[in-house]
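Each in structure tokens, the structures are laid out below.
Two complexes, one shared chain (chain A), two partners (chain B, chain C).
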Partner chain A sequence: MDRFIPLLFAGFSTGAVYALVASGIVLVHKASGAVNFAQGDLLTLGAFVYLAFTGAMPPMAAVGLTIVVLFLAGGAIERIVFVPLRDQPRLTVAVATFGIALAIQAGLTVWQGSDPQSVPSAFGHGSVDVFGTPLPVLSLWTILITAIVFAGMYALFQFTQIGRMVRALAADREVAVLYGVPASGLNFLTFGLSGALAALGGVLLGPSIAISPMMGFSIVLFVFAAVTIGGFDSMGGVAASAVVLGVAQQLLTGYVSSAYTNAYPFLVMLALLLVRPTGLARPIAAERF
Partner chain B sequence: MRVRNPGARHVVALVSLCGLAAAGCGHLGGGGGSDDTIDIGALVYQTGPLAQKGATNNLTMAADDINAAGGVDGRKIKIKFYDIGGLTPQQGRTAAQRALADKPDALIGPSVSAQTNAFLGLLPKAEVPLINVSAQRESDPGQPQGNPWTFRIYHRVDRMAEAISRVMAEQLKAKNVVVTHSTDDTSTHVKDDVVKDLKAKQVKVMKIASYTPEATDLTNAALATRGADAVVALGYPQPLGLMVKQMRANGIKSPIVFDPGAEAGVKLLSPSDLTNTSMVAACRPQATQGQDPVAKKFMDAYTSKYPGSYVNGYYYEAVQLIAQGMRNSKGEGGAKLREGLAAIKGFKGICGESSADADQNFIHDYKVVKLDGGKETLGGIVSGLTGAY
Partner chain C sequence: MTSTRASTGTRANTALGSGLVCYLVVGYVIAAGGDGYLLTVASLAAVNVVLAVGFSIVYAQSGQFSFATAGLAAAGAFGYAWFAKHMPAEIALVAAVAATTVLGLAIRLATIRLSRLYFAIASVAVGGLITIVLVNWESLSGGASGVGPVPAVTFGMVDGEELAGVFLIAWLLSAVAVAAGSLLYRSAWARDLLVVKDLRHIGQNDGLPIRRLELEAYAVHAAFTGLAGVMLASTGTFISIASFDISMALQVLIMVVLGGSGRVLGPVIGAAVITPLPEILHGAGKWSGMVYGITLLIVLVALPDGVLGLWDRFRAWARARLVRPGTVRVEGGSP
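Moving on to the complex of A and B:
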């Protein structure tokens, strides 16, 4: 148990960060039908913006401001990249998101250099004893905050007028627009939310590792494994699959071999897809325009 | 000029080529720089995510300092940078080929041993000595037994490992040790030698925890260190920093000894994470400046000229050693410069005293750099390293 509980918590924490990034991908996919390959780099951008703000203000204020900035950045990406490409094939949009990713990486390298940097934590550091086992404080906060965020998003999309309109857009954009749903504003909102979620991932992940311009790229492939299993339209599905992958990655590393740490999420994905080819979530047949 | 006769056109081309060749071949057999300058080709990463601004600054400052003091017997040091651009062996070879085409007196770099090994075969023909700044094993082709044109200023793996195991056994008096390492070549080889030497010193190696250099979570490796008297941590800076963070976050406070790969990783850790940690390094003017006036003078000048820039004393000293080799060779390049470099004994540089051994390693004593509280202090000197155990 000395190793099991810390590995389990590390898995939940890793999975929580995957879930935050994955939920941004799902939001963008729901709003536009496009797959956003830049979501991991938005996480990196969030970590660097947070680092810049922590030099001028208390960490908690920096967290808040970073989320606002990345919300606006997400919205700006929608206006600058997605709106002009709305009528283009999805592959074109997907390639454009790769372009955004590269632009963010290059911009961060020019701005902050390529050396890894340390980021202060807004949520404490060190360990806390849980049932006699020392666990990282930051991991516990990461799990708690992610759970709260997902509960909040569930409430937003299930019980508010805005949420219903976003879901209507996701189900059938043309009909929703005919019914007077303000598609343009809601698209901005969902892209902004995806940016804010990436920001949160960045401020939670950054302090536990060293941040560098390539940080987001290194985890986004795991995130896509989670989205593939969970379904591009299911927030709950990706949350569950992200946590499953995070926990599996930690436990397999701890109890099988550390040589395949980076391979485990994909092996788990393949195994799950063999058993359930449609993924964990119920597939939705819908076409967006 | 319009040439009507095709035959004449060939003659003109041939004459032009001969002229160009003659202009480019003023010096044969290395040392193609002008008589006014000593030309050094620096193979460093200048662009992209690997860009080594600190290496560039150290090299530039070394040349500036020598030139400000009148140069080497009146000749100025001129450094030309060749961007490697990436980590593949081919990129290292391409950069070296570009550098050698310019016929330098000497080369410095690169810091990745596989890239160094990729172009060593070019040196004998070019007759250009290389100051090798990559870590290598005694059996690697970068060793001078296989190639007399290489000199190494950076660590030889066996001596680095010996320094680490001596710190564990003699300073920390550790009885039970965990060795962690990333799975890159150098860290794996150092691990092999550390384990071998610890066993020879009757120190028990409880566990060996390995991880990939790209890992973004090292909880497993961190947990493996629980219960150890002390931990040896080997690897690239970013994963090393990550592992220490995760050890501390999981409540593991054991002393940690790093290899020099941790130099940049130390910056990523908080003062509290660095409690009870130390690093062994052959060159660390940051730590030795309190005792060594040469290191002190360098640090004052460097931090004033390049505030905040990464200090890499190996690059600075590499230029100084080439200048000394040139003094020994009375200004001759090629084979004479090689002999001049091999003749260096008791050179007092910013890394301390160094001498070229029979294998053309510039041997330094190892410095134990204590990192407690994030402040570097000299925690002792490990001397008399042989690599034989």
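Moving on to the complex of A and C:
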């Protein structure tokens, strides 16, 4: 049991970061049908932008500014990639976001070099004792903030006019546009929001690991495992599967073997896909073309 | 579609024949006159041609996006290295390609019920899994430090110690792959694949075995990728798992998108353009990743049919203006 609680906790914390990144992917997919493979690199970008700001201003201001910058970066991706490719198959859009991912990685390498760097934490250091088990403060914050973000997004989508319009777009784009839903503006908004979520993920994850330009891409692979399991359109399902994957990864690493840490999420995903080819979410709509 | 149909027949066969002769002559000139540096780059080009032809069949022709390229190529390379310890290199080549094909078949068979998007993501996972398993399977892959020296494929025609000879065999193998790809591209099978890609439901109603075709295309892709892996091992003599990362899949993707689809010439052009790019960009080494990413974006947005599409459009334009002046303008080419 000595190891179980910290491992479980680390799992929740990892899963929370996965969930933050996954929520951005789901958000974009809901509103536009596009799959954004660059989401993980937006997280990397967020971590590096935060690193650049944090020397010059108080931590919380740096966090806020990072979120603003990444909101604009997400919106820029929408204008650069999604708008010109709107009439292309979804796979082409997905491939184009790979191009974005590559450009961000390479751009960060040019800017900061490829050596890992450490980032100061905006949310405190050290750990607190809970029932005699030391738990890192940053992980507590990660879990808390992720929970708040998900609650906020749930409220946004269920109870506000903007949320209803985004859901209408997701359900049937043409009819929604006919009814006067401003699709273009909302697409910009959702891409921007996904960028902001990635910024948050970067700020929260950065301090607990050494950040490097490649880190986002390896994270996004796990996140896609979570998104695939949870279903592309279900925010709650994705959050749950992200946490389950995070916990499973940490527990298997701790108790079975650490050589296969990076393989566990994939194994879980493949095993599930073999049983349920459409993920765990209930399929409600046919494939869109 | 129409252009594929129009290019079948005798004229296309002469085009293939003369094209292959040119291809082989280029290889021979490089082997005869090239220094070590040129030979290394050209060997890589031969490998990339095979990779791109295989990937274009699965991605551009049948519409399946697979990210397992690096994993499958690694399986081919390390499979070859292992087989070559127990048998002559030529038999090891066949065995490694066969093993990779079986691996590809197994992967696709297990994931055949997934939709395209889900398969694309699952293939990322599968490719990652293969490399992770290989890193930990030290007796096969030598762990993180790699294995070597791997014997070169010679077919008894060249000296296996000599770089030029080994390169020539690799070039020959890539020519065989291009010829095979060309024949595949003009078969009825390839046209069925196009239906699977673009008119899936119509194909289903017409009785096309959609899933079997997807499976076959993936197996062909796996065979080509396995061959590319073998060629990497054969020309490189020393292989390490570190050289099979995700950027390999991205590079191949860019080659295929840039070259254009529908003919074997597309991926060959793509490989010929993209392979020397890092060498040309050598002075600006750290910018090369950005160049790749932005090239991919520009091609996708501005040139969705690749270089071949551009050429087809130019030909249609030229024919309308130059061949029959004064007559009614002929609408042709892709819309």
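Everything that follows uses one rule, which is that the second predicted complex is superposed on the first by the 281 of 289 C-alpha atoms of A that agree within 3 Å, B and C clash if a C-alpha of one lies under 4 Å from a C-alpha of the other, contacts with A are read in each partner's own complex, and residues count from 1 in each chain.
The rule is simple: a residue touches a chain if its C-beta (ideal position, glycine included) is under 8 Å from a C-beta of that chain, and two chains touch if they have at least 3 such contacts.
This one's a predicted model, so the numbers in the text were calculated from it and none came from an experiment.
Using the contact criterion defined above for the overlaid structures, shared-chain residue A:G107 touches chain C, although it does not reach chain B. Look at A:V81: by the touch rule set out above, it reaches chain C but stays clear of chain B. Look at A:I145: by the touch rule set out above, it reaches neither chain B nor chain C.
With both structures placed on the common chain, the touch criterion links A:G254 to chain B but leaves chain C unconnected.
In the superposition on chain A, no contact is made by A:V177 with either chain B or chain C.
With both structures placed on the common chain, the touch criterion links A:R3 to chain B but leaves chain C unconnected. In the superposed model, A:N262 lies in contact with both chain B and chain C. Contacts of A:A168 after superposition: neither chain B nor chain C is touched.
In the superposition on chain A, A:A52 contacts neither chain B nor chain C. Chain A uses residues 109, 259, 262 to touch chain B in one structure and chain C in the other. The part of chain A that touches chain B in the complex is made up of residues 2-3, 6-7, 10, 14, 109, 113-118, 125-127, 129, 134-139, 208-210, 212-215, 218-219, 249-250, 253-254, 258-259, 261-262.
Partner chain A is touched in their complex by these residues of chain B: 48-51, 53, 183, 209-212, 214-217, 219-221, 223, 226, 237-238, 241-242, 245-246, 248-251, 264-265, 267-270, 272, 310. Note for the complex: chain A touches chain C at residues 35, 80-81, 84-85, 88, 90-92, 94-96, 98-107, 109-110, 217, 221, 224-225, 227-228, 232, 259-260, 262-263, 265-267, 269-270, 273-274, 277-279, 287.
Note for the complex: chain C touches chain A at residues 63, 65, 110-111, 113-118, 120-122, 124-126, 128-129, 132-133, 136, 246, 250, 253, 257, 286-297, 300-301, 304.
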